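Okay, so subunit A shows up in both of these, paired with subunit B first and subunit C after.
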Partner chain A sequence: MWDFHVRSLDASTILTIAALSELIGQRAGILNVGIEGVMLFGATLGFIAAKITGSYLLGFLVAIAIGGLIGLLHGFFSITLGGDQVVNGMGIWILGFGLTAYIGYPYTGPLGMERIPKIMGLSPFFFVGIALIIITWFVLSKTSLGLRIRSVGENPSVAEVSGINVTRTRYLSVITSGMLMGFAGAIYSLDYNPVWNYNFIMGWGFIALALVFFSMWNPFILLGGSILFGSLWQLSLNPQLVLPGILSRYVWRMVPFAMTIIVLLLMSTKWFRIRWGAAKPEALGQPYVKG
Partner chain B sequence: MKLGNYEVKLEKRLELTAWEAATISILAIFVALALVSFIFLQAGVNPLTGYKEIFTYAFANPFGLPLTINRSIFLLLCTCAFIIPIRAGLWNIGMAGQLYVGALAAFAVAFAFGAKESHSLDLSPGIVIPLMMVAAALGGAAIGAIAGFLKGRFNTNEIVVTMMLNFITFWLVPFMIKEGGLFMGASGEGEGFKLSSSIYAPLIMGVPFTIFIALGLAVLLYFLFAKTKIGYQIKAYGLSPAAAKYAGISSFKIPLLVFIMGGAIAGLAGYHYFAAVPGVYKITKNYGDFGDLAFYGIICGLISQGNPLAAIPFALLFGGLTNGGRFVQGKLKLGFGIDYALLGVLMIILVAFQFFYRYKIVWMKTEKEK
Partner chain C sequence: MPMEGIKRGDTALEARGITKRYPGVVANDHIDFEIKAGEVHAILGENGAGKTTLMNILFGLVQPDEGEIYVYSEKVNFRSPLDAIDLGIGMVHQNRKLIPAHSVIENIILGHPRAGNILNLKRTGEEITELCDKYGYKIDLKAKVWQLSEGEKQVVEILKALYRGAKILILDEPTSALAPPETKKLLASIKAMTRDELAIIPFITHKLPIVLTVSERVTVLRRGKITARLATAGATEESLAKEMVGREVIFRLERVEVEKGKPILQVENLSALNDKRFLALKGVSFSVHEGEIFGIAGVSGNGQQVLAEVLAGLRKAEGGKVLLDGINITHSSSLERWQMGVGYIPSERVEVGSIGDFSLVENVAMNYYFDDDFAKHGIMDHKKLRKLTQEFISEYDVAAPSPNTTAKSLSGGNLQKLILARVISRKPRLLIANLPTQGLDVGATEFVQNKLIQAKKEKAGILLISEDLDEILSLSDWVAPIYEGELMGIFPGGEAKRENIGAMMAGLKQKVEVI
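Let's turn to the complex of A and B:
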């Protein structure tokens, strides 16, 4: 049972970091629905880099770098070209899905490296995740940089007038966001489950996207939601731990996805909607045109 | 920007003619194919040879051509399933889930008639086949309706919901066809049961009759959007749900309706691939591949700008490219999954080219300054 909780926290860590990255971008007004694609890129290229060089560090660096690059690409489409952010995000997801299926295929199978050592039985990335939550909260709500990021997400025209460079701030957020998405993907493929298989992120990016909406852009609610979903995911893989012998294992695999829909439904209640409307970055998804 | 004697400028388009849109789409495809040719270069194959092999197999080979046509019918149906919601500004990325359930529903009808028991059972095709198709459409529509209802009633994000439904239904299929599931085949090798040969879909010159359904639907949808009130309402909702509401268009009914229609068509795509394509006639082990293939419907729908008639040649092209791609990777010893790589590259190039739907490049000869 202890193992189960540890494993759940490992899964939660990935969801936390993935959702946190999306939160950072959204705070600056950039919606990236292609988070799954960026995670696939980070996970696949990080896995390949680690497998070739035998170095975990290089694997993570490659994953972070490619995540940053894809973030830059999303920024270019959404900020410079001013296109529809949903279309751009969809493009990034399908690019990630298609291209990594091709690139990673020759590396199908286990990583075959000594596992990353645990700290008190937990993955070291659990602590990284907690630290990132606190840092993000601190930067966003206690520093002038955070104020700048939030203001370009709320009202870019006003931000521009008050001397904030909207384009630069949005690029900064979207690249940071991409780097963290790539990192989250690499934690999956290098630590949580070091086996490459095509499309192995299995919708976690989309679950993370739902979690950000659910969190009302608050990093701590986000952490709570991620832990819930991490546990649910682990339960869906090992239902025998709690309810032995009930329902087919295939039915259990559906549960986290069904729960995501239920969470989205909860958000439509009046209680939620009022708070949600107040918390939502006002300019989310809207391109900013100077002038 | 200046290039020699010319001034190059970006200019905002005031309108986009069908001709310009087609040019941009075709250019985008060429750029994507040029990028994918790096895969050929990497394997030491001349890209022109590679593409020639792909197109020859896909369109001029007695084995390849029927496979291309079957894939194209499937893609055209998936494209229509994507187009209806996108005209209302909604993203249906749940074609995969809708077609899995469509296929399961079609096989449920065959199961009810006892087709699982015996391959040689003599069933009346005139009754069972239409019933299977109705069931497939209803099954797909039911899954689509979930996303449409939630969008219309609670304004939930349809992208997340349809994606979640894809995963839920992805696990529903093995529940039915594996490990003692109701539809498990006799061999027990993780496949569904095989249809009785009496209810194989009729072939017309080797092509399943579903080709007429796909083409007919494309024509029908074209007229729906061009001529009917409901088509107009869908487009109005797509431009601005808030403005449409003031014009008396229900912001509940439109999302529900477009997802029911889209889901029903995706359900038929499921019927087509698993119950009408010669040599298949069962829910296969690799059913997930066809869910992935359905994502080409997104590309096809975007590239044809939501025009179902324009989608026909693109569906044929992508049906050929994916089919030929699978063939050459074996023949020319390339890496697995060229069709997947092409899917990704095409999509991102298409997104990049969206820019040219809004802007055009203008060349002007600069006046010589004296």
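Let's turn to the complex of A and C:
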């Protein structure tokens, strides 16, 4: 039973960090639907770097760097060129999907390194995730940098008149966001399940994206949602650990997706929509053109 | 406060020979203007007179082609609003530059380094409260801006400018969208600020009486040039309007007495929800007769918009009844209502009243496509529609080069005239005019009001919805203040007291049971 929880929290950690990265970008008004692609890039290149050099540190650094680079690319398209963020995000996903399958193919198989040591049975990244949640919350709501980020996500022209450099603030957010996406991907491929496989992220990026909307852009609700989905995911993989002999495992495989539908139903209720509308960054997905 | 070293009577801001040309127009033609510390110097002009350009130049949003600006005798060169802010110029925008989802205090300190890297909300809160006490503002610093009234939002903008150390305050249409008691408070705070040697420049299109009560000097612009510089002491509303428009403007609209006819519109206990699904109209009852103007006075957001939309068939009624000439139209479609003689002039002329990319002819067709005379078997008669549009353009004095011009190229006043023309030409039984003169200059306002009076003479029943109490009081046979979705009473136009109606619009007075 404890094993199950530990394994669930490990999965939740990846969702938490991935969703948090998306949240940081979105609070600044930048939507990145290509999060799955960025995670694939980070996971694959981090995996290869670690395998070649034998250094976990180098693996993570490469993943973070490539994530930041793709964040920069997304920023260039959506901030400097003012393009459609959804279209560009889809482009990033498809690129990540195709390119990582090509690059990673020769490295198919296990990483073959000593596992990263656990802390009290838990992955150390679990604690990193919790710390990141708290730091993000603090920065967004208690610092002037956070106020600037939230302001460019709500109304960039007001921010500009107040003396804020909208372009710089948005770039800062989107690059930080990309770095964390790459990091989340690398946690998957270097710690959670250190085996390279074709399309091994399996849509976790999209789940993280949905979690951001569900969280109403609040880091703590985001954490709760991530833990819920991480647990459901784990339950669907090994139902016999928790509820041996109850229902077929095929039914359990379906649970996270059924849960998604229930969450979507809840989100479409009047109660939720009103609050959701109030919480949503007003300028999310809109390019800002200096007028 | 950055007031040290400033003496009353110092020249706070001086503009010399400001000129700005745009293709085809000279928006500002050698404008000279100065204001002293502790003074209120209003700038008056119609839409298109060059006020906005001048304002943007003084705030650094636009750079002039020629001319110089001096702030406290020092020549300045604004590259952006930030330069202007740094030199102590503050701007209170008409379309508020605030973030609705953020709290009042967050909006005030946004982008200002004094709040620190880690926000010290306690200390800044105290500083802002001090400013509030000094100038008589009351505001909850923790409230979110979207919860505030227009007047409170304006206070936030003023506080933001003051917090940033503004010595010169530009106010863009400061009293539009304010309820009368809010206007009074604003004027009192302006007086308090001038006592601290602030220089205040209100830019004003309408509501001339305000100019007279608050300012010492007035500069009037017309077509980019200064036509008059006056001391307010010697000016009257009529003389100011004459300078603005270039001809005499009749201010005292005569309420035309028209023999009261049959009831046209009867509204019984009508209620409806707004977009956020809250009950915004709570059991309203009234009736409008032939040859009568029924005025609903209210600050926006009190349910009048919802009422207009329900009557026009654009919004579902939750309860109650609407009768037109005795026929129940509560559930009729918008088209059925048009065909039965309801005419609707929406308040959002750009969003609802017209389609910007369509030509004027196509926009006129919006109210005529369902008429057999203009569309036989669904095929539109473009020739006839074009002729009709041409008639509207000349009869209503719409400044448009041709009927094929797109609607978005018209100014607000001209677009409103066109909308008015196409609605009134249908000779509606009931005319719903929702904020018909909002944002229009003196000349266009006068035109629109006269058209409403003319429609009244032709026996239409008119429901006039307005925020402008003067307009309501001078035009309406009946005045009904609306507050939070309820009519606070229905008063005969001739007897309604201004203060009374104003207080009811602001919810400061109890509802009166209607006879």
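Here, the second predicted complex is superposed on the first by the 284 of 291 C-alpha atoms of A that agree within 3 Å, B and C clash if a C-alpha of one lies under 4 Å from a C-alpha of the other, contacts with A are read in each partner's own complex, and residues count from 1 in each chain.
Rule of thumb we're sticking to: a residue touches a chain if its C-beta (ideal position, glycine included) is under 8 Å from a C-beta of that chain, and two chains touch if they have at least 3 such contacts.
All of these numbers come straight from a predicted model, not from anything done at the bench.
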Clash or fit (per the criteria above) of subunit B with subunit C on subunit A: fit
Which of subunit B and subunit C A:Ile164 touches, first, second, both or neither: second
First (subunit B), second (subunit C), both or neither touched by A:Ile274: second
Subunit B versus subunit C as contact partner of A:Thr16, first or second or both or neither: neither
Partner chain in contact with A:Phe213 - subunit B first, subunit C second, else both or neither: first
Subunit B versus subunit C as contact partner of A:Leu95, first or second or both or neither: first
In the superposition, subunit B vs subunit C on subunit A residues touched: B
Included angle at subunit A between vectors to subunit C and subunit B, based on C-alpha centres and rounded to the nearest 10 degrees: 90
Touched partner set for A:Asn32, first subunit B, second subunit C, both or neither: neither
Minimal inter-chain CA distance - subunit C and subunit B, angstrom: 9
Contact set on subunit C toward subunit A in their complex: 81-82, 85, 97-102, 106, 109-113, 115-119, 146, 160, 276-277
Subunit C contact footprint on subunit A (complex, rising order): 142-145, 147-148, 150-151, 154-155, 157-159, 161-164, 270, 274, 278-279, 281-282
Subunit A residues touching subunit B - in the complex, by the definition given at the top: 33, 73, 77, 81, 83-84, 86-88, 90-92, 94-103, 105-106, 198-199, 202-203, 206-207, 209-210, 213, 248, 250-251, 253-254, 257-258, 260-261, 264-265, 267-268
Residue numbers on subunit B that touch subunit A, as the complex places them: 39, 91, 93, 146, 150, 153-157, 159-161, 163-168, 171-172, 174-175, 178-179, 292, 295, 298-299, 302, 335-338, 340-345, 347-348, 350-352, 354-355, 358
